[in-house]
Amino acid sequence: MTQQQITENWVKPYGDTMNDGRVQLSFTLPVALDENAKEAARQLALEMGLDEPAVVHAEDMGQGFSFCVLYGQCKHRVDLSRIKVAKPEFETLDKDAINALIAEKMGRKMVVVGACIETDAHTVGIDAIMNMKGYNGHKGLESYHEVRAINMGAQVDSEELVARAIEEQADVILVSQVVTQKNIHLDNLTRLSDLLEAEGIRDRVILVVGGPRISHELAKELGYDAGFGTKSYAEDVASFAIHEWTKRHAV
Amino acid sequence: MTQQQITENWVKPYGDTMNDGRVQLSFTLPVALDENAKEAARQLALEMGLDEPAVVHAEDMGQGFSFCVLYGQCKHRVDLSRIKVAKPEFETLDKDAINALIAEKMGRKMVVVGACIETDAHTVGIDAIMNMKGYNGHKGLESYHEVRAINMGAQVDSEELVARAIEEQADVILVSQVVTQKNIHLDNLTRLSDLLEAEGIRDRVILVVGGPRISHELAKELGYDAGFGTKSYAEDVASFAIHEWTKRHAV
Amino acid sequence: MTRLNLDQGQIDRARESARRIAHRVFDDMSQFTTTTVERATLRLMGVDGVDDNQIPLPNRLVSHLQELGLLQHGAAAVVAGAMAEHNLTAQQVAEAVAAGKLVLARPKHDKAARQSAEAIAAKMCDHIAAQRVLRAQQIEKVGEARTPWLYLIVATGNIYEDIVQARAAAEQGADIVAVIRSTGQSLLDYVPYGATTEGFGGTYATQENFRLMRAALDEVGTKIGRYIRLTNYCSGLCMPEIAAMGAMERLDMMLNDSMYGIIFRDINMKRTFIDQFFSRTVNAYAGIIINTGEDNYLTTADAFDAAHTVLASQLINEQFAYISGLKPDQMGLGHAFEINPDLENGFLWEVAHAQLVRQVFPEACLKYMPPTKHMTGNIFRGHIQDALFNVVSTLTGQNIHLLGMMTEAIHTPFIQDRFLAIQNAKYVFGTMRDLHDEVEFRAGGRIESRAQQVLAETVGILAEIEKIGLPAAIGRGTFADISRTMDGGKGLDGVIAKSADYYNPFPDLMLAGVN
Amino acid sequence: MTRLNLDQGQIDRARESARRIAHRVFDDMSQFTTTTVERATLRLMGVDGVDDNQIPLPNRLVSHLQELGLLQHGAAAVVAGAMAEHNLTAQQVAEAVAAGKLVLARPKHDKAARQSAEAIAAKMCDHIAAQRVLRAQQIEKVGEARTPWLYLIVATGNIYEDIVQARAAAEQGADIVAVIRSTGQSLLDYVPYGATTEGFGGTYATQENFRLMRAALDEVGTKIGRYIRLTNYCSGLCMPEIAAMGAMERLDMMLNDSMYGIIFRDINMKRTFIDQFFSRTVNAYAGIIINTGEDNYLTTADAFDAAHTVLASQLINEQFAYISGLKPDQMGLGHAFEINPDLENGFLWEVAHAQLVRQVFPEACLKYMPPTKHMTGNIFRGHIQDALFNVVSTLTGQNIHLLGMMTEAIHTPFIQDRFLAIQNAKYVFGTMRDLHDEVEFRAGGRIESRAQQVLAETVGILAEIEKIGLPAAIGRGTFADISRTMDGGKGLDGVIAKSADYYNPFPDLMLAGVN
């Protein structure tokens, strides 16, 4: 086949029959429980495009709040064939292959500086990627002999991180953000990339962010080169980094 | 105040801040888990009108199914002041008051015939309403000395029920429906009311349906006089019945 | 080890009462056969299929015999006689009768007819025995699950959809798949035919559906390295026929109770007692584990107040089972975690009940049912009720573990409900793997005292039932708070007094075969 | 009764090691004060408010003293001297200094200044003592909750929203409400001022916020007939000031750990050790229950492998607490149900750990934390992890029970998350009300052996720490797999060597007062 054929591939939620659209929903309404509150819950589900919504549970929570559980049949469907998830384009290699590639392409160690920035004190994520021990049996970057991995830990001011990156002539900056309440991570991440721009080194580094609520798409929107969510490991980010480095340094 | 004032009263789901619209959602997609499946789940939530939807969990279920949990911010809101829940209009009295009212208005015992019809074998609901013992500390109709309560049990054919109602000169027919899968209850209930029409006695009886998935609105749609859902008791239906009887026999 | 101090003398006394109760019923009932017993017999002789009006040929044939007053002699010899006389197969006899081309009569050579019926029956018994061997081989080959076995239902109403869900369930960890049958089926006086796609709250039990599901489960079992047991309902007006179909198609378990139909489906008492004897004989021979229905009592009666009625009924079911040749490890005696979640110390009482049953039936393959009655639309709370049920099950060493669904009060399970239920049980069973071995209950404590109390009440109630007889006890609403009479209920018209020369080759062959 | 057979000799040896470890740290640190200890002292003398740049006056005053090299003598006497000299209140002194209208100096009459400082301090102590009495009266009047106390957090970032949620939580069954503070606050070297509405992942701890929440909880407590305890965080760079604020506003509990800030917030070791001593003295006097933070260790280290580090740290925290006058029933020693749900028999190990802690600290007001690290986006599974945590808590008689949230891995709790969490715990506690009384663990069994093993490891590690000293042990990453050094971390610049005539009236008054 030479011509790429795209056939539609519509998908809907599934309860016990194809295309029945069944979904479960729960939420709180800031009104005391009565028949009107239940009806309001039902109407909200209708607004969401659920057919035959049923408020299967409604309970008074005190202080004028009601908790509702609903089931309904989702009218919406999406065409899977049109979905293109933004993802960094590279192949995840294993440690040996990554080391070999760095040696071959860069001819020197790759310098990676990482931190969990600003008020965020969660080190476990960045440690999982950078420290010797790694996570879930996946060794961290410190264990890669072609990588110089500098993990600055958590609560690191963006200024500090940028200064260190300059000092170490970092090829890659890894940032972790775990706390996302009130979108504080967006502020923090924007602040860092602005600083890098201001210092004029944004283009010289590969800038990567990770965390449980981070997606590649979000990272791109924020002007980062890549984003990694849950279940990412050192080999993922290292594979991306050497791939990206090679691309940038291709003649 | 003589003029009734209706002020708008918009309500939205509440997570931890007024009008944040937070809702929880779960469903299964009939596709194997990958990034596209997760994105499809996200897009479905967008279609439902959820802002910033997050697929917080996605797990492979085998055989090409994926389970997803999502949170998002519901854009929709409903105006509580416009919600008018259809409900039978009567005041729920206590047993003594009901007995007194029947004696006063009817001057004889009210005859009530009840059953859980067709293939539905669930007796507990109709027993809760009719049997001496009642339910949750609410005595059943058998215990009302102004009511002659005839509980035919479950799996009663509509024909049988109608025949008995004629024989007993029933004032009220109580039907229970618990199984609702594939809307079998709608078929059963329609069948019964058609039969009553055919026998020409529909207008002579007060026709009431109850069950965990029954609402008054649904009952009205089906041409019943009232519908009762979970947490209804004998006094509710008896209050309705005598109220309705009085209304019909008002000169 | 979790063990309660119980009085073995009381247990023995209760069991003796139950034995006498069951034997009395058996003796009274052995003078009758039923239309469905005869249809089952014909099925086992090879009659299958439907006529143009979708009426199964076994029904056509049995009606024919009934009209001619021949049924009291037993269908087997009459049909075998016709086969010999006209040189037809049983199926051809049925077709000819249905087409109005043949009118049956008492066999000319009665002894020869019986012999040939016995030969046909023996062949079918060989087939069933071969299925039993095949099951054992399959288990040997693909592997056996650890107990408590996870038991899941599928109930879409469509056998093809059920298969999809059953496969997914097995991959996720189910050890047993039960196909719930359509709401109305137990009151049908015939068994539907072929693959079906339109049930309500379940899928019709048909032989073809059994076959399709069996094949699907064999396939997925081989893939995942665990033999997946298939279950259906051997209750209702066609109990014996379903037993026959299940035996032929290698089902592994059957819901079969000596009283469920009477109490919960308002099926006539005689009919049920007669049918269950034949059914269980077939089940026994086929190596099928029966699942009794005492758990249902607690959906209408209170789990605390009526705990002793469950144990009493289990003892009676056990004795009926022995009569039909079932071995203890084929006895899936049923009980349930139906304790009110709001009851203070309810968990303790539930542990006491479950452990009591475990100790009274040390060799039985106990079936433990999850909370249903006290489940509500609050799926989150329900999921925890199910988790505590899982805890009691592993702590007291139950065998067949029905998975609780958080959506129990709402709908028949969605695929995700099942998935989460399996996850729930696997988590609990794993994290508490050896807990049963580590925990002891205080001697003379609340749990032990409660178990002793229930045992004492059981002894009492069985003595009472023995005095008045089981039918009268059922009439008094002893079980499930529901009362039924000897001549009430559906299906009495299918009860036929046997003539003196009544003949049926299967019971003897099968009872002999299992021993 | 759930009791494990443990070697009391081992427990005593471990406790002795911990005593020597703590006293050595205390002796080394007592030659220092810190900027925040002095600010707390000023707050207790009546200094409050902020300048035009929102800088708190206690900070302005302490900076002033520091610039002038006066802080080493202790702020109390200097300020008391100025008060006497200029006939001003402490607040007026602070305002005058902030306005640049007053430059402080060593008091002319040192002894008189000290006496008047002591008099001011005594008045504040009376106020705090009165709050303590008021608490007792309130509990007497409105009623006390049954243990385990249900502990819930609110974390909206807005004190007014927090109040709404706290009230709803109390109505639903919470016994303790903790106001989580904003993500950044522990690293601020000042305490924000006034009612605040803009925190991240929590609401700023300010005295006004304390007051608002206290009033709200008193009100709802009266309504529902249960005294609702209020909790905040007495950790971070301003630990002593928050202790002071909490004492004045009748908080009931404070998260306060001798090492949490060092390990998890990278706060300097000296700073923390000094601050915690002062803070705890205030807490002790105010009748506040402290909550230590060992549970956090298991979020970075493994719950099974590092179980003994939790016990070792609890023993050290206990000794630090004794030094500050805390009674055992004020010691909310922390541990957590962080066992990996996939670990076979994990529940058994968790029971062993929880019961071990219970028996080593029979009188302590133990704080038991729910699963957090192994929670995922699968809220249904998470809800069950929380349920099993609830089981262990009631089985082993814990006191302060933090409610697990099924959304732990996702967001700070929504109102419904809390509601369902309370329901979960109440169901489990009720249905298992007396289970702890009925269950025994097999002597020599897996659970008991595991507890004995952890105890033995604890004795070992404490002996080791005693040898090298606590700072060196922290340097080696003994706790939480995180390593810190004596001179690293934030806030070292706030550590001031006391001069020989250093004076602070509070420690002596308070230590005397609690005995």
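When the chains are written out, they are named A, B, C and D in that same order, and each has its own residue count from 1.
Assume a contact is a pair of C-beta atoms (placed from the backbone, for glycine too) under 8 Å apart; a residue touches a chain by one contact, two chains touch by 3 or more.
For clarity, every value in this text was computed on a predicted model and none was experimentally measured.
When the interfaces A-D and B-D are ranked by C-beta pairs in contact, the top one is A-D.
On residue numbers, the B-C interface is repeated by A-D, which shares over half of its contact pairs, out of the options B-D, A-C or A-D. Between chain A and chain D, the centres computed from C-alpha atoms are 34 Å apart.
Computed from the mean C-alpha positions, the centre of chain A lies at a distance of 51 Å from the centre of chain C.
Centre-to-centre separation of chain A and chain B, using mean CA positions: 44 Å.
Of all residues in chain D, those that touch two or more other chains are 155, 378, 380, 409, 411-412, 414-416, 420. Counting partner chains per residue, chain A shows two or more touched chains at residues 14-15, 18, 22, 24, 26-28, 54, 59, 65.
Chain B makes touch with chain A in their complex at residues 11-15, 18, 22-31, 35-40, 43-44, 47-50, 54, 65, 74, 76-78, 80, 83, 85, 87, 213.
Contact residues of chain D toward chain B in the complex are 155-156, 158, 161, 165, 376-380, 409-416.
Of all the residues in chain B, the ones that touch chain D in their complex are 14-18, 22, 24, 26, 54-59, 69, 71.
Across the complex, chain A is touched by residues 155, 157, 164, 167-168, 171-172, 183-184, 187, 200-201, 264-266, 299-300, 409, 411-412, 414-416, 419-420, 482 of chain D. If you check the complex, the residues on chain A that touch chain D are 26-28, 59, 61-63, 65, 67, 118-121, 123-124, 153-155, 179-182, 184, 212.
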